[in-house]
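Both of the next two complexes hold chain A, though its partner changes from chain B to chain C.
Presenting the complex of A and B:
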């Protein structure tokens, strides 16, 4: 009996620091925060219970609702985009070519840069006048416009007015037709030379891309002249207008800027996917090869299901992370323009430390927490049938 | 060869993958390259739209030969050719206050006074003495016939002609230039908007000015001084040492407890531990802040490192998983030999778990080095600022104009982490794989 008691005590002794942390730094704040959310808590005074008033105010607070909207829009765009990009990158990084460790390091490096540096560096990159992005973008857009101008009258003076040269459409459709007919109309002497076939296929593919650029750019000029004009020199972080301009719910230019910036750190996620990709048993692919599966089938039927637990994990972590985004908007925009980048975490910080409204800030934080829980449960529910756990 | 090709796929596919990965890598590296490129540019070059692709990464400078010596110069303004308005370089015969000049300087006065606007010059009470050469133009008129320099203030000073500059000598435009000096990269320049009244050093035809690229390492010491680098570095390193030591010691102890010791409620406590990873920082932030405020710790370093000595859920989880993978026989053997649990931990488990412990240390170091919100909330005096906070404060103070200095400081701030990454690559890669396994 005494020995068993000692054993238990030793165990508790080892985890004692963590027990203290659980109570003092997690349990107590968790419950205290919950209590504060029902209180009026002015600075340097003790909290006074006011019932649901804080929550009632939340329902009316347009600024809070805007910040919630911003956070959700960001999550809805950035998370799926990040997952797709990271998996794609991981697949490329998993390809059997020389120099992979070099590429892996390069893509991982942005994750090492401190948040404040990332924020200030990208502020400079997004600088509308002298920033790297707009310098590069202006060059690319001028090239695209010149190319598109060969086929379509862009009406530079009066945006939105232009004409289409009929022969241009035919010319643009040609590479696509060529690519489609590649398989059927290729003469025998070409077929016998695989290199030549590849070369012709790449030429057709390049033609398709070029045609696509021309058509998309023309569509942009005819359909959304405002956006087309903006694309030559966006205001990025200073621009609160939605992109595309016809959809009021779409992310603002400022939010797009933050999304683009977050994609710079996608390498870290890709490396995690990569670790999982390398664990996928080769036998599965070999079996699929014997069954005659093509690349797309192997990807959808083997790769994606096998890494699905990591996808779920990353999505859940991303949801939690999105609700905590603070440093970037705080440093880069301070929440502006017109609250278009005032993420909820920034809102909580403002309320708690700027306006000293501790009770109200606690209520917001709790709403946040409940949303995270709900979204996480949702993610698990949705994925229940789609996530494959080996051995279960 | 053929066999390995078979395994690696056809050459054109491999080339394609290479092309895509290389292009992507270029885009991923571009911001960092630009950060360093900006950090080596002169201030004036960061505020100019690049004329060519190379201007994006290399600052443009100008060089001129005056009196047989080559000088680095800055072009101040262009003067349209006007044959009836010549410039003179003159030598005054009596002393006067430099503030009485309009287009202030000449070759020697610029070098000597080196100020950026008239107010500063007035405050200095600088004197132009007879041995100095002065530039005369339409504002400070010189009459070559009478040998009289009429200053902007209206005073007349006898002066002797040294050199006459004809604005249309060879048809090329003229530039008012000044010599470039390392101090130019400091931000004092930013505030001065009255370009016309300051900083003339000489007037030269465009044909005598050649374009070069200008790399300015002087940006670095100036940026570091402005950011208060040394102080912030010491603060940051102090916090790093405290958090790393705390996180390693506490997480190892707790991880060992959860992995090998049996006690009531272990499973439940561990489940709670894992669940706490889901709680966002914003929830606990306010009450914890109030707790520290009541302890009188706000405005000290304590809130930033004390918590790490009580363990962190993520590292406890990670270490427990790692410990469970160790051969259990070794522990049992040690127990039979009569070792206490602490002895087993120290002599058996720790030596076997070096990679995992190194990972905890590394990730804690990175986390502390990069942390922004913690220092922002708890520190309020600039002498306590960490690197993150100093950099942000420097940015906020100047509204983002001295980009060359900001980028220089950013480079220095990021470099240790990149070096650390390359030095500890093995631990890093293992750590990333381990965090990935969690899913």
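Presenting the complex of A and C:
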């Protein structure tokens, strides 16, 4: 008994420093914040109880509603995009190739760089005039325009011409047709020469990509002329207009910039996926191979279900992270332009430290906390039937 | 095993012991090198902590002022502690009941600090020390006042004027004359400023500006004050009501929007993204990217620092035709004494000396005008700001203005910045733009303004409603606060 008690005491002794810090620095502010949320509390005065007034004000505060909108839009775009990108990256990193460890390290390194450094680095990348991104983007867009111009009449530059140039489209038809017919209509003498078959397949694939670029670019120019024009040299962090421009609820260019930037740290998520990917039994793939499953079928039927617990974990972490995002918008945009990057966490900071409204900031923080809990519960509920746990 | 336990425990004890025995640095610590001149009187002096902003030569000026004070008497020693984000740190120190003895803030901090009881009222002390209202230029004193009390007094002041690049004016002299403008004088009205700007503009082949005659977004620090140059105001001084969307303000922001639409928002955005930071040779005005700019009294010092040979002139920024001038927005840095500071009596002695003698030293070395009505004769002798007279006249001009202190000053400013960004960025619909076809010159500009006026008015009305709501709510909440200033 004495030995058991001693063991317990030793255990508690070890966690005691952490426990004290938890109670003092997290527990107390957590409870105090809840009380302050019912108070008017300029930090230089004592809190005065005002009941639910702070929460009522939230309902009519346009600035809060805007910041909530920004946070939700960001979450709706950045989280799925991050998950897809991380899984894709993990699958590449999982390939058995020379220099595998090197690539893994390279893709993980960005996660180790402090947020402030990353934010300042991306400020330069997003510079509309000298930024690396716009220089590359302008080159690509000009190339796509020149290519598309061969096939489609682009606006006022080709007056009197039809929208589609039939002779040019015919050029695209050949490789597209080749792509469709690959495998069936290829003559025997080609089939017997794999290097020739590979070459023709590459030509067909390149033709399809070129056709896709031309069609998408033409659709962009005719459907969304303002966006097509902006894509040549976006204002990024300084532009508060939505993309696409017809949807006022769409992320602004500035928010898109932060979404693009958030992909910088996707390597960390990828490493977690990678760990799980390596855990997927090889026998499952072998069985699928015997059944004649192709790559897409194997990915969708085996890989995704097997790594689904990790997807759930990453999504939950991303939800929590998104609702706490602060440093990047604070450093890069200060919440602007036009509040289009004023995330809820920035709003909380402004209220507490800029406008000296600790009570109101606490109310917002508590609403934020409840939202994170609700979304996490929702993520677990939705995933209950879709997440596969091998142990159960 | 036992040895490991002893080693670890010993390490912990050693760390705590070192921390315990380490003497905390104190203001009173004597540095034999830095404080050699004060060796004899060091221990008999009261040591004051003075938290203040500034960097570069402006910090040196502040240090010089403090050094002078330390030299002219032997009762007090002031330690100038250069502090970034001094307002936030002072606020936290006040909350922790451990504020500095003297603090330097911005005039926009006066209301939140005063309202929270973080500053001592000074009017009684001023009376005892013979500091009267007429000692100051009235508007500067008002910036430190709130609800009938003086909470902070001026240090460095700000007035704004039009800076123009004489080289650009000279190189375009023929074109200016052809447009009926005199290249040897500056615009007298905003309408004339537009005409000058139009001639001074230069563009690349794709229409992106190379030089802009005038750009309302540069430097973009006082976006909330444009209405005043059109005869508008942000607050009704009689009723205290918010007046953001009164006609003159709508006119001002429609005028700003006209620049965005005339020269193209995207092109201007690209143009602006090539500007360097304010305190650098790549500053848009210093580099010659913008020919005319509204800037403050400090600017000549920065121009001469980075491009000593630059030929520039300074004149009052023009008002719209029919609006009396000259006029300038007036703001300032202030100095105050936090409540619960350790040495309030000595702190006042320092603040009082700063008012009577110090700000003349500070302002002269920082190249600025002062808040005092009659500075000493030596103040003007060899003053480094050769354009000082323009700013001194503006500070005394009857039409120069301050934005009155309110309970929601910071919120109002932020909302105005958001409105400014919206007005600048808001894309005028393509079908509306087709109404501009065939129009040129003044007719085109008038049409652009007309097309934008509705959205400008709506945006400013939105600001008025939001700020008024916040003001009303704050007034209501104040009544609930025990010990409020009511």
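The rule is short, and it goes like this: the second predicted complex is superposed on the first by the 371 of 392 C-alpha atoms of A that agree within 3 Å, B and C clash if a C-alpha of one lies under 4 Å from a C-alpha of the other, contacts with A are read in each partner's own complex, and residues count from 1 in each chain.
The rule we apply is simple: a contact is a pair of C-beta atoms (placed from the backbone, for glycine too) under 8 Å apart; a residue touches a chain by one contact, two chains touch by 3 or more.
This structure is a prediction, so every number in the text was calculated from the model and none was measured.
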| item | value |
| --- | --- |
| First (chain B), second (chain C), both or neither touched by A:336 | second |
| First (chain B), second (chain C), both or neither touched by A:368 | first |
| Partner chain in contact with A:42 - chain B first, chain C second, else both or neither | second |
| Chain A: partner with more touched residues, chain B or chain C | B |
| Contacts of A:110 with chain B and chain C, given as first, second, both or neither | first |
| First (chain B), second (chain C), both or neither touched by A:128 | second |
| Touching partner for A:30 - first (chain B), second (chain C), both, neither | first |
| Partner chain in contact with A:276 - chain B first, chain C second, else both or neither | first |
| First (chain B), second (chain C), both or neither touched by A:353 | both |
| Partner chain(s) touched by A:149 [first = chain B, second = chain C, both, neither] | neither |
| Common interface residues of chain A - those touching chain B in one complex and chain C in the other | 127, 129-130, 353 |
| Touching residues on chain A, where the partner in the complex is chain C | 40, 42-46, 48, 50, 57, 60, 62-63, 127-131, 226, 229-230, 233, 235, 238-241, 245, 336-339, 350, 353-356 |
| Residues of chain A touching chain B in the complex | 7-15, 17-22, 24-26, 28-30, 32-33, 36, 89, 92-93, 95-97, 99, 103, 105-110, 112-117, 119-125, 127, 129-130, 132, 135, 194-195, 198, 202, 264, 267-268, 271-273, 275-276, 309-314, 320, 323-324, 326-327, 330-331, 344-345, 348-349, 352-353, 358, 361-362, 365-366, 368-369, 372-373, 376 |
| Chain A partner contacts - residues on chain C that touch it in the complex | 88, 91, 94-95, 112-113, 115-118, 266, 269-274, 410-411, 414, 417-418, 421-422, 425, 427, 430, 462, 466, 469, 473, 477, 480-484 |
| Contact set on chain B toward chain A in their complex | 7-10, 12, 14, 17-18, 20-22, 24-25, 28-32, 34-35, 38, 46-50, 56, 250, 253-254, 256-258, 261-264, 266, 269, 272-273, 276, 278-291, 307, 309-311, 316, 341, 366, 369-370, 372-373, 376-377, 387-389, 391-392, 395, 400, 403, 406-407, 410, 413-414, 417-418, 421, 425, 432-433, 435-439 |
